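Quick heads-up: structures coming right below.
Paired with subunit B in one complex and with subunit C in the other, subunit A is shared by the two complexes that follow.
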Partner chain A sequence: MIRTYRALLVAQLQAVSQYRVQSVLWMLLEIIRPVIFLAAWVAVANSQGGQIGAYDVRDFAGYYISLTLVLQLVFSWNAYDFEYEVRLGRLSPKLVRPLHPIHYAVVENFVWKVTTFIPLVICLAVVILTFDARFRTTPAHLLLFVPSVLLGAAISFLSGWVLATTAFWTTRVHAVSTLWDRGLFIFAGMIAPLALLPGPLQAIALVLPFGYMLGVPAEILRGGIDVPTALLLMVGQAIWVVFFYIAFHRVWRAGVRQYSAVGA
Partner chain B sequence: MIRYVRLLRLFYRTELQYEFEYRLNLILEILQTIVVTATTVGAVLVLFSYTTVLNGWDLGAMLVLLGCFYLVQGFSELVLQPSFEKFMEHVRLGTLDFALLKPASAQFLVTLRHFRGVQITQLILGGIVVAVGLSRLPAVGIFEAVGFPIALLCGFTLVYAILLALSTLAFWFVRVDNLMAIYWAFMDAGRFPVDVYPGWLRVTLSSVVPIGIAVTVPAQVIAGRLDPLGLGVLILGTVAAFVLASRFWHIGLRSYTGASA
Partner chain C sequence: MTEAVVDVRELRKTFRVTEREEGLAATLRSFVKRHRKDVNAVAGITFRIDPGEVVGFLGPNGAGKTTTLKILSGLLHPSGGEARVLEYVPWRRENAYLRRMTLLMGNRSQLVWDIPAADSFRVLQEIYRVPEEQFRSTVAELTDLLELAELMHKPVRNLSLGERMKVEFAAGLIHSPAVAFLDEPTIGLDVSMQARIRRFVAEYNRRTGATVLLTSHYMDDVVALCKRVIVIHHGRLLYDGPLADLAERMAPYKIITATLHDGAAASENLDGYGTVVSREERRVMLRVDRQVAPERTARLVNDLGGRLADISVEDPPIEEVIDRVFTSEQTTVRA
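Right after this comes the complex of A and B.
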């Protein structure tokens, strides 16, 4: 298995190095939305004398910078390619290989994250300076952040595959994934830190998986919540990982049976 | 002129017929647009649950702005995005010859040829959001009522000009879809008034990617926050941008060589 992964890794690194500019541009795309909402919250905080709940302007900056970093580490886009592959029948050659297609996706994601990490950090440094961000991170937070972001990535990756696998039946994931994206938009901590979502929205956010992908690791990285709360939220993350892992296995097995490429 | 209007009608009728072939898909896309708009309005409401004004914009003015954002974005996704995507494809494949040989302005044929009818939903929703915002503002005067469509038209034209200039680069570099992707990313920033952003982003949104101007100024006009002088500057700037972009297109066209030329 290790040898397989090493081979895949080298191949993917070579593939990516052909499109260096493209990688950086796509990374900029990811960074722009958190900056938009950061600017909006800073404007709101300033109109209220600089403080909203437990957040002042510099805390908002710390939060959204953490969120951008988490977004980069957690996000996986393979679900979007998958519909394409199913619809065009390109999945067939991958299915007859001795390796589950999910392994290719793991490597693609990993390489993407590694290669875009340095330009991302440079961009974030600019944002940190622009907004004079504040972090309340302690070593304990950093220690918790590592497993938390891994759990977040696992939720994002597995749920993305569950969504993608519905393409076996519908061949049109787009509508489903739009709904999912909007759920992320509202409940993951993008439009507001989870603690600032108004009443019912916050309760819903704690029940849905979205916040556990992005908002929770971001707050831990910023040091915005204390250690017991962080541990509790990480249990929530673990539950969602298990849920999506089981769901993925079920759906995948049923789906492959359903799948027939054009001309098969 | 009348000939061009008739051509446009013809183009759009065939495109609509094509879209109606896939009815389920059409309905799904309309639903998606509604969900996207509703959640964005929701995001603004979340922000306004903590304040009554955002940089001097109250909720009514902010909704007008958001509506303008959907009008501008709807217009660009309705006509410009599909047409410019096809254009770049034509350059890459060398099939632009077919447009150049036709007895009509090539710029017209290339930039307004394609049409995604489903995006009319976005225009309608934008109109609704503007109307809701207006109902929360004091009554609209003559200047605002006349100035708003003019400013909006300027906004559309600005977006047209920047996209035309960007895609003209395809004549030299062939693959420019990444540059276009940058444009679409910055487009997202148009949903808030351009004055909330930090310096470097504000400058980008008012010059290189004038989406900030295209959305913010029409909203300012109808919310009664802009004097006639400001509107005049906008009109002049828009005309200049349009003329420059068209000139650039003609220069670019000269270096187009076709498939087997």
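Right after this comes the complex of A and C.
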């Protein structure tokens, strides 16, 4: 399997190298939204004496910069690609090969993250300097951040595949994935840090998977939560990984039986 | 009896499709209530294919050919019946099975468009776990047979349709499959490229002994490659036997073509010899019942005497036979 991954990695790197400018543009597009939220929260905080809850202007900057980095490391776009592949019949050649189609997506995600990481870090460095971002990160936070961001990526990737697999029944999953994105927008810590959500929304966010994808690793990276709380939230992340792993296997098995190989 | 490579028994596949009438009212009604209908794409077909056979799988559009190939390659689950390919149940999609078969669809690409074919081949080598030595010799052989040397290092998106098809063929065969399902492998190709692909399939079958099940709307493909054909229509098997016998069994007539010296064929009354199907200035074609063809030919030679420049007696063109099979929908014939 390692040799297969190496070959897929080389091929994907070659494919991506053909579209370097496009990759950077996508990356820039991804960081625009959190930076807009950062600017908005900074404006609101300044209008209220520089502080909202436990966050001052520099904390907001630290949070949204962490969130942008986490978003880049965690986010996967499987549902969109998968629908496209099912609808145009491009999934069929993959299904008749002795390699589960999920492995291609793992490599595509990994290569996308690797190739856009350095330009992203440069952009974020500029934002850090511009907003004088504050991080309360300790070595313990950094240590916890690595497994936390991996768990967040696993939730994002597997939940994306569960959604994508519904294309076996519906052929189109765009509406479902858009609904999912709206959930992400509200409950993942994008519109506001989870700690600043109104009480009922915060309670809902704690039982939904979205915050465990983005908000939790972002707060750990910023050092915004203490280590015991971080560990507790990481248990929540692990539970969601197991949930989506089992869900994916079940939905995939049923979906493949349902597959009608349209357009192929 | 040889162990069958492909063994299909009473295979069925039913698709549930949504139907609605045209127009605004029907469209609005369809938001609330949908009419669904079961379509029997494959309605209980049975056949077996022995090792090394090249079998043509014929039928009009919607006959169930591609659905059958998709079931046999593991893409689709059947609604009923049984199938074994190389002793495996295809739709379980065990890796051991997938490593020994290939499905090539003429209208579908399995290569990564943005990288050269040579790099895609390397990926396939690892996916199919082809040992390095075998990989090198297979690529060399495929490069030779398909004349790929010039194409291997160009991004696939820069290749012409014909060039891409050749490369697709090589990609599908990189793991030296024991069974190849070829669905319209020459579709969209020019005549010379079609001929080249045909030569390649024949040569590949000869060299490797691979079993091939081929669908094609180009009868030239079938005539060049398949001694045996399976004909299906509306998901049912109509004929399974030698291609050579298809005309005899399904079209009980011969075509006599008489060419005259004096250019009078256009006006000559030949109705007494058979049904005139076409006339040109010097040539006339007659459809004659198979049993009486020798006698009618002899009479024609005798009656026309020195005016006759040439005469031939042939089976009707295979396209005509197939068309006759589809339009008459005769009951199953097994040779």
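Convention: the second predicted complex is superposed on the first by the 262 of 264 C-alpha atoms of A that agree within 3 Å, B and C clash if a C-alpha of one lies under 4 Å from a C-alpha of the other, contacts with A are read in each partner's own complex, and residues count from 1 in each chain.
Keep this in mind: a residue touches a chain if its C-beta (ideal position, glycine included) is under 8 Å from a C-beta of that chain, and two chains touch if they have at least 3 such contacts.
Since the model is a prediction, treat every value here as computed from it, not as a measurement.
When the two structures are aligned on the shared chain, A:Q22 is found in touch with subunit B, with no touch to subunit C.
By the touch criterion stated above, A:A203 is placed in contact with neither subunit B nor subunit C. Of the two partner chains placed by the overlay, only subunit C lies in contact with A:R6; subunit B stays clear of it. In the superposition on chain A, A:V235 makes contact with neither subunit B nor subunit C. In the superposed model, A:P93 makes contact with subunit C only, not with subunit B. Once chain A of one complex is fitted onto chain A of the other, the partner contacts of A:R257 are limited to subunit C, with no touch recorded for subunit B. For subunit A, the partner that touches more of its residues is B, with subunit B and subunit C as the two candidates. In the overlay built on the shared chain, the residue A:A175 is in contact with subunit B alone; subunit C does not reach it.
With the contact threshold set out at the top, not one residue of subunit A is in contact with subunit B in one structure and with subunit C in the other.
Against subunit A, in their complex, subunit B makes its touches with residues 25, 28-29, 31-32, 35-36, 39, 42-43, 46-47, 49-55, 178, 181-182, 185-186, 188-189, 191-192, 196-201. On the side of subunit C, the complex with subunit A involves touching residues 15, 70, 73-77, 93, 95-96, 98-99, 101-103, 105, 108-110, 112, 114-115, 119-120, 122-128, 155.
Subunit A meets subunit C in the complex at residues 3-4, 6-8, 10-11, 14-15, 18-19, 89-90, 92-99, 256-257, 259-261, 264.
Against subunit B, in their complex, subunit A makes its touches with residues 21-22, 25-26, 28-29, 32-33, 35-37, 39-44, 46-48, 52-53, 130-131, 172, 174-175, 178-179, 182, 185-186, 191-192, 196-198, 201.
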